[in-house]
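The first chain written gets the first letter, and so on, giving A, B, C, D, E and F; residue counts start at 1 in each chain.
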Amino acid sequence: MVCCPPEAVAGARAALEFSAAALAAGCRIERVFFYHQGVYTGLETARAPSGEFDPSQRWRRLATEHGLDLVLCVGAAQRRGVLDQALAEEHGQAPTLAAGFRIAGLGSWLDAVLAADRVIRFEG
Amino acid sequence: MVCCPPEAVAGARAALEFSAAALAAGCRIERVFFYHQGVYTGLETARAPSGEFDPSQRWRRLATEHGLDLVLCVGAAQRRGVLDQALAEEHGQAPTLAAGFRIAGLGSWLDAVLAADRVIRFEG
Amino acid sequence: MSAVDPSANRAARRVMVVLRDPPHGGARARERIDLVLMALALELEVSIVFLGAGVLQLLRPDAGADSVHDHGAALGSLPLYGIHGVYAEAEALRRYRIDPDALRLPVTVLGAAELGALIHRQDRLL
Amino acid sequence: MSAVDPSANRAARRVMVVLRDPPHGGARARERIDLVLMALALELEVSIVFLGAGVLQLLRPDAGADSVHDHGAALGSLPLYGIHGVYAEAEALRRYRIDPDALRLPVTVLGAAELGALIHRQDRLL
Amino acid sequence: MNRVLNLVHRDPLASDDLTTCLRLCAPGDAVLLRGAAVTAALEGADCDRPEGVRWYVLADDLALYGLGLRALRADVAPIDYPGFVQRVLECELCQSW
Amino acid sequence: MNRVLNLVHRDPLASDDLTTCLRLCAPGDAVLLRGAAVTAALEGADCDRPEGVRWYVLADDLALYGLGLRALRADVAPIDYPGFVQRVLECELCQSW
C-alpha cells in the first residue's frame, strides 16, 4: 500500500525500489494499492518537473515489465479528483486517471492482503 | 496564502472563516494565494463526500460575494495536475482548473504581499 | 507480497489497525476507519488501537461545533459491525488528559506492554 | 490583507523566509526556495533562516546518491542572486550534529536570542 | 521592533513546532493555538511560558476537537474569528508553524 | 508470537513516531530507519534501545540526505533494498509509522 503523494520523493522511491528488489528476489507482488494521498500518483495531468523523479512513470514501467496490478482506492480517488471513465461519467467530468492504473474498492486491497504473506505500507 | 490541501478540514476552515471575519471587520483582502498542496483546492474533478465541508465551493462563494481574487501558483499547480486552458494545451491535456480560480506566478503573490499590510499563511 | 512458495496462509484472520492520526487534519483518520469497516465486512477478527494523537478521535465534538467532517458516526458503528477489540494506550490518554469514561466508543485501556503483546499476536497489521 | 486605511507600507522591503521542512519529504522544501528566488528577483532584502529539520537541506547528497530531486542547485545560487543573509539556528545544527563548515551554502550560525531579534526586525515573514 | 503573531496548528505532543516557536519569541509576541495544537491550551499542559508572550486559543477548534468545556490554562484566552482578525492587526508580523 | 518489522520515516527530533514505536517493541522485533528518520542512525543519536530489538538504516536514504559517510551507531546496520526485502521476510508483521 502506497500512502505517500508522488511529491514525497523519499517515500515514493522507497516503495518503488523495494518492489523492484522484491521481484528480483523472486517474490510475487499481489497488488500495489494506492491509498490516502497516494492516489495522486495516478492523476494523469500531474507532471514532475523535468529531471525530477517521476513515480507515476516509474510505476507504469515496472508494472509493464512485471505485470503488476496498480490500483487506486475508489473512495480516496474520488475525493481527490482522480476519475476513471465510469466515475467521470457519473460526475459529469472528464476522466483524469493515468494509463496503467485502475480504480477499485478497498475490498480488492483486502483480498490481496489475505492472499499474500506480507503486507507493507509506504508512508511519506 | 493557503498551503493546506482541501482535505485538511481544520486548516481549510480556518482560512475561510478568518477571511470572512476580516472582510466583516472592514479589511480588504488583496489576494488569496494557494500554494504547495493548497492548489488541490482548485482541482475541478475533486469532490468532498456529500455532507462534508467543501473548501473549493466555499471559497468560490466567498469570492463571488466579495470580489476576491483566488489564485493558484502556476508551478505548484502544474506539478500537481491542476491546469487551466493554456497549461492544458501546452501539455496536451484536458484542463482541470475549477471555475472561480485562476493560475498565476509567485510574483503575483509577492505583489499582493507588498501591497497589503499583513500576510498570513494557513497550514494544515 | 508473497514469498516464492504461496503457502497455507489463507487462515490469516486476526488483523489490527493502528489509529494514530489526529482528527480534522486531513482525510487520513477517516480513511483508516473505512479500512476497518471493510475488514469487518469481510468477517475478519478486527481489533483497533488508538495511539498518540489518535486518541483525539475518541472525543465527540462539542454540541454546536460546526460539523465539518465528523467521522464519529462511522466510529460509533464499529461495535454494531462486530469489532473484536477497541483499545487505547493508557499513556496517550494520560498525556492528552482524556477521561476514558467520556468517550464516543467504549475502549479497553492498556499499557504499552499489554498493547505490545496484543500486536504481536496478530496475523496482519493493516 | 489590509486594514481599512491603506497606509504608507510600500516601503516594506526586508523580508525573511523561515525554512523548516526536511528535504525529500515532499515538494514543500523546494517550493519554499522558489519563493525566496522570486523575492530576490523583485530586489527585496531577503534573509533566510534554517530551523529544526530544515538544516538537513544544507547537506549535499553523497556522490553517487540517486539524484532524485535535489534542490541544491537552487540553494547554491542564492548568493549569486544577492541574498542578504543566510542563517541557521545553532541548536538545530547541534541536535543534528551538522558541522557548519561542511555545508552547501555558507551560513551564519546564530543562537535563538539573536535569531529572535533578527525576525523581529523584518517587514514581512513570507 | 515588530511584534510577531505565531500561528501553531500541530499537536505539540507529536511535533516540535511549538517549542521551536517559543524559543524565538520576544515579549509582546503572541501565540495562537489552533487545529490539533489546541491541546496545549488545556489546564496542566506542559510547555514553556516565555515572559511577556500572550496566549490565545481558537474557540472554534476547541469545540471541533471536543475540548470546549474543559478547563483552560489561566494564561490562555479563547478567541473567535473576529478576535483572530484583531490579533493579526495588533501584531506587525505573522509566522505560521 | 509474531515478530514486527517497524518502518520509521519521520525525523525523531520533529515527531514522536520513533518513541511510540519503541514503547511497543518486543525482543526479536526490528526497526528500519528510512527517510528523514535516518538521522537517528548517526553516532550519538539519543533514543531508547529496547533489549533484543535489531536496528537497520536504509543506506540509499543516508546517501540521499548526505549522511552516508558519517559514523553510525554501533548497533545500527546499513542495508540496501535487497536487504530491506530480506528483513521483511524475516518478520511475520510489518508496521509503518
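Observations, loosely collected:
The criterion applied here is as follows: contacts are C-beta pairs under 8 Å (C-beta built on N, C-alpha and C of every residue); 3 or more make two chains touch, one makes a residue touch a chain.
The shown structure was predicted, so the numbers you read here are calculated from the model rather than taken from an experiment.
If you take subunit A and subunit D together, the chains in touch with both are B, F.
The minimum number of touch steps linking subunit C to subunit D comes to 2. Put simply, the chain farthest from subunit F by mean CA position is B. Of all chains, the one whose mean C-alpha position sits at the greatest distance from that of subunit D is C.
Look at where the CA atoms of subunit E average out and do the same for subunit F: the two points lie 34 Å apart. Look at where the CA atoms of subunit A average out and do the same for subunit F: the two points lie 25 Å apart.
For this pair, subunit B with subunit C, the centres built from the Cα atoms lie 34 Å apart. Residue positions 1, 3, 24-25, 27, 52, 66, 68, 124-125 of subunit D each touch two or more of the other chains. Counting only residues that touch two or more partner chains, subunit F has 13-14, 16, 35-36, 60, 64, 88-89, 94, 97. Counting partners per residue, subunit B has 5, 7, 10-11, 13, 22, 27, 48, 75, 79, 118-120, 124 as the residues that reach two or more other chains. Across the assembly, chains come into contact as A-B, A-C, A-D, A-F, B-C, B-D, B-E, C-E, C-F, D-E, D-F, E-F. Here subunit A touches subunit B in the complex through residues 5, 7, 37, 40, 43-49, 75, 78-83, 88, 91, 93-94, 96, going by the rule given at the top. By the touch rule above, subunit A contacts subunit F in their complex via residues 3, 10-11, 13-14, 17-18, 20-22, 24-25, 27, 118-124.
Against subunit B, in their complex, subunit C makes its touches with residues 24-27, 66, 68-69. Note for the complex: subunit E touches subunit F at residues 13-16.
Chain contact summary for the complex, subunit C toward subunit F: residues 1, 3, 18, 20, 51-52, 91, 112, 115-117, 119-125.
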